[in-house]
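Paired with subunit B in one complex and with subunit C in the other, subunit A is shared by the two complexes that follow.
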Partner chain A sequence: MVVNPREAPTPTIAGDVAPLAQGTAGAPLRQSNLWRDAWGRYVRNRAAVAAGAAFVLLLLFCVIWPFVSPYDGNKLDFSLKNEGPSLSHPFGTDNFGRDMMTRTAEGGRVSIGIGFAATIAILLAGVAYGAISGFVGGRLDNAMMRVLDTLYGLPYLPFAIIILAIFGDANFWTMVVALSVVSWFTTARIVRGQIITLKENDYVRAARAVGARWYRILGRHLLPNTLGVLIIAIFLELPGVILGEAFLSFIGLGIGAPDASWGQMANDGRTAYRTSPHIIAVPSIAIATLILSANFIADGLRDALDPRTRET
Partner chain B sequence: MALLEVNNLKTHFFTREGVVRAVDGISFEVESGKTLGIVGESGCGKSVTALSIMGLIPKPPAKIVDGSVLFDGRDLTKLPEKQLEDVRGREIAMIFQDPMTSLNPTLTIGTQITETIRRHYDVPKRQARKKAVELLEEVQIPRAADRLDDYPHRFSGGMRQRVMIAIALSCDPKLLIADEPTTALDVTVQAAVLDLLDDLRQAHEMAMILITHDMGVVAESADDIAVMYGGQIVEQASVNDLFDRPEHPYTEALLGALPQIEGEGIRAGRLTAIPGRPPDLKNPPPACRFAPRCKYANANDTCTTVMPELREIHKDHWVRTAHPACERAGAQVPVQA
Partner chain C sequence: MTTFIVRRLFWTIPVILLVILMTFGMMRQIKGNPFRTSERAIPAEIQANLERKYGLNDPWYVQYAKYVKGVATFDLGPSLVLRNRDVNDIVREHFPRSLELGGLAFLFAFVFGIAVGTLSALKANTVFDYGAMFISNVGYAVPSFLVATLLIYFLALQWDLGFPTSGWTTPESKILPVVALGLGPMAAFARLVRGTMLETMQQDYIRTAKAKGLRWRRVVGLHVLRNSLIPVVTAAGPTLGFLITGSFVIEQIFAIPGIGRYYVTAVTSRDYSVVMGLTVLLSIIVILANLFVDVLYGILDPRTRDIRT
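Here is the complex of A and B:
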């Protein structure tokens, strides 16, 4: 434990330190490892814990609720059009009389599913491109990065729209492709940067000195050390992708009716936003909660996985 | 034939500012079972020599432009990378300077040792682990079997260097290159690690190249010493010969800069420093590299315009200077001698 002299520890802190120091001096001390330490740092970050809880609850709700719910999210009931929240319909009903709560969960499955699938696609492409570029280095690296610079200029949403137009049909997988195909550049850059710093490490040279082959060095010594960054990247990419999906669905390019997604539900509520604001509010809140919690989780993970942020 | 024969090795770095002649035509031999000490100050090309032998120089910018490295009859500079990978670790092993960074912090030391074994020998994991425990015991790590699954951060610097030695020994190499193995350790640990290295070298009948800037380190464990300066070998002799009758002004100066605490002729005065800086190895002039700092060289000397050749001044005692100690005696005795 480092005590910064300028921070002048109060007596209580000093008192806390003493028994702890004794404890560590004693014989069997629990193996500390990166992930346990990181978890310890993460749970101390209240915003991140709250965000994590919100994220998990939202996920569980989306996964479980459609099984439990007494309603079918696609069943129309015109006698119950545009009803506000009530006991039997906690989130109200939409302009076709569908139960909003069930529909939010079903839409969430689609939105989050597309979000995760696209994020994984982004990671795979980014890691492959970045790792090769950074590991090989030299001219190939230079060429690959210039290509990336050029692609960086592609506007995200118009490009996604064009891709959807080319496919002509928006289903789960075409959405994943459209959202990931122009989004992996940042991840590629992050991974390349990491690999370039990591490959200068002495232990990489030491590994080469014992005859380790390139794939061993890449797979064993370099990529595992980028894992922390990649986990952060997941939660940084996820909000953008989910927002992109919501936007595409909102303008009518997303998954087709009657299947729900949050963006499409928001679109359903668009026309009646004065009389029945809950129809647009519910999916919007869901999107906002997901994005906000993902951002806070990314923030908390970044602090937790950086070994330099040791608690004093 | 010697185990390792380095002939006229030249490793140059092609940088934007020019060609840096980090290693500029060095030759030496290492007999099996013997230790060669390579001494010199920072930037004289010691480490690049080691990396050139291993084929680990960063290319680009570095390139071996001339010479050969004959190991067991094969020229390592001409060996394809694939075969070189089989030589590394298996036949030639290397220990690096900083044990704190030479182990991967995310892998247990057991993994790092067994991986090396399994890289070169087709043995099951359990057998490799058994061998790893034996190795850790051999480098005197207490409770070796328990420590196998510990991560490197739970070891001290000296312990980590022992682990590095264990990894280096894991495939019974014929040659061990130790690049400043004790520089990052404190003095008491240094002595222990050096003793250990020497014992293990004898037990495993390895040859060793010991690279250091510390005269004291080579004095204890080397059989022969090569003194490097500015990418060249300036003096080469057996340990006793070199310490008893240093011929090159640079070697003399290095020994003069060494504190002595026992023996005859204890100096009462200050330790002598060598004035000036090591030469810039970018486009060096065709002169003795040490001339600008040499107290025997003056402007009229040929050695400021012509590079002196490496010559055998006594039997097995080679020196590259126009002013070896034994030729100085007569007319031009320097004032400071």
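Here is the complex of A and C:
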């Protein structure tokens, strides 16, 4: 678990007392670098590379396609209602005659945008809470963990629905808030665990011994070393948030028409699934592709960043 | 062991109180009032009377105390919108369906997930393993509304196998919703069991058991399975809670009048007391599921008794 990217080449005390000396002292030696090693391990994992490629391609499709597409994703054309996939409309058209391919790309922007924004919020909240709890320790830690236990008792979807009801309106940002408020607990726990483990390391004791202030220990020694875990956490949280948004939209509590997320599109296809199942299938497959690739990326990153816990 | 269970039980009470307080606090933030809907103009006196009747003018801590007392005596109060109904009536009418759906889906996920995961681990790196893991990975990623739609589209409509497309009455009508809801957790269990079993099989005590000449089947049954199931039990608690409280989507698709569907209606009609009551009920279920698993965990793995209180 304990990764130590920054301090590895230099003895810990020197790193603290004379940060300027870094880099010059060991210059002739090409030190092995954690991130380079991790990258090397990652690219050797074929499933992870394929998942990474799929993820990037999906992102590029969502970002670029709306500019290139000959169709407007919100333009209604009732003469083309509910058409299956064809050459001119590779994903078919929906119940308003809108081009599904363009709409999937535009919906992806919304879904993935909400996903990333909420994931960043989750990481920020998780790091802040987990770092304080783990770093201060003692009674405060205990109390903060009890509060977290309580929050785990709140059911996910109802809780998110209540928060949306408090805002009174579901739009991009209220969705981000609702989804991150109900999902930051796990990251907070992971960060706390990391900080507690790292705190016991010799280089942290050494830093403390030479009189480093708490914010320096936290900012220079502890938080940078949680970076690996946080990068993995991005790909663990993203699927959950995107799925949560899809569920809320699907039961009719998502962001309003005509802008669509993938969940909203799936909801559009719900009524017509008997005759045109592609309307619900296309956005669902997009969600599944994203979640599947994110899962494999997370597995690959875990193996790459922490070879000791490599799965068999 | 008894002290562990008792301590764990006692700790549940403040958690429930805190959850009620949080829900209570959030509900008070929601704007709007069921009695002040624009369609119905109500004279000010009646308005005041109504608010007094439902205790909406009391300070928040009085309301909270009354509410906690109500929960403790299994009385969740009256509905604010449906004048002649209690939240208890609504729970009694809609909740058993959700409970049954969630419980059956959990059973499905648990039994098949462990079976598939075990077989995959025992036949690691064979065609069966690859096939099962491929299906599990996909099943884990595909949203339940697509699973449900595909099941209805192919099994009920295209191939006409006699499954109804909606409702929750006959045993046949329950199969598709249960599978649709349970598939994702089943895949998750299968992946988890496979991973932990492969890890366990590399442990020294397994090698020892094999070296003693124990039959492989016995080694698996006695040592591998037992030790691999601990992480599965940990995952089972949140999963059970999630399945009972999270069948919103499936209830919507199959038109099952369960708690999830009613919840959405109550939120949109601003029926505070119903939303509040249902949220508290669902929270208590999640908390009890977690409690159950913690106790089970303490029985399976004695080392955790002191830490996890």
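FYI, the second predicted complex is superposed on the first by the 276 of 312 C-alpha atoms of A that agree within 3 Å, B and C clash if a C-alpha of one lies under 4 Å from a C-alpha of the other, contacts with A are read in each partner's own complex, and residues count from 1 in each chain.
Basically, contacts are C-beta pairs under 8 Å (C-beta built on N, C-alpha and C of every residue); 3 or more make two chains touch, one makes a residue touch a chain.
The structure displayed is predicted, hence computed values, not measured ones.
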Subunit C versus subunit B on the shared subunit A, clash or fit after superposition: fit
Contacts of A:291 with subunit B and subunit C, given as first, second, both or neither: second
Touched partner set for A:155, first subunit B, second subunit C, both or neither: second
Contact breadth on subunit A, by residue count: subunit C or subunit B: C
Subunit B versus subunit C as contact partner of A:168, first or second or both or neither: second
Partner chain in contact with A:213 - subunit B first, subunit C second, else both or neither: first
Touched partner set for A:90, first subunit B, second subunit C, both or neither: neither
Partner chain(s) touched by A:250 [first = subunit B, second = subunit C, both, neither]: second
Least C-alpha distance (whole Å) that remains between subunit C and subunit B when both complexes are overlaid: 14
Complex interface listing, subunit B residues touching subunit A: 54, 56, 60, 85-90, 93-94, 96, 98, 101-107, 115-116, 119-120, 150-151, 164, 167-168, 170-171
Residue ranges of subunit A touching subunit B (in the complex, touch as defined): 31, 33-34, 138, 201-203, 205-213, 216, 220-221, 224-225
Touching residues (chain side subunit C, partner subunit A) in the complex: 15-16, 18-19, 22-23, 26-27, 29-32, 137-138, 140-143, 145-146, 149-150, 152-153, 157, 195, 198-199, 202, 238, 241-242, 245-246, 248-249, 252-253, 260, 263-264, 267, 275, 278-279, 282-283, 285-287, 290
Subunit C-touching residues of subunit A, taken from the complex the two chains share: 146-147, 149-159, 161-163, 165-166, 168, 239, 243, 246-247, 250-253, 266, 269-270, 273-274, 277, 280-281, 284-285, 287-289, 291-292, 295-296, 311-312
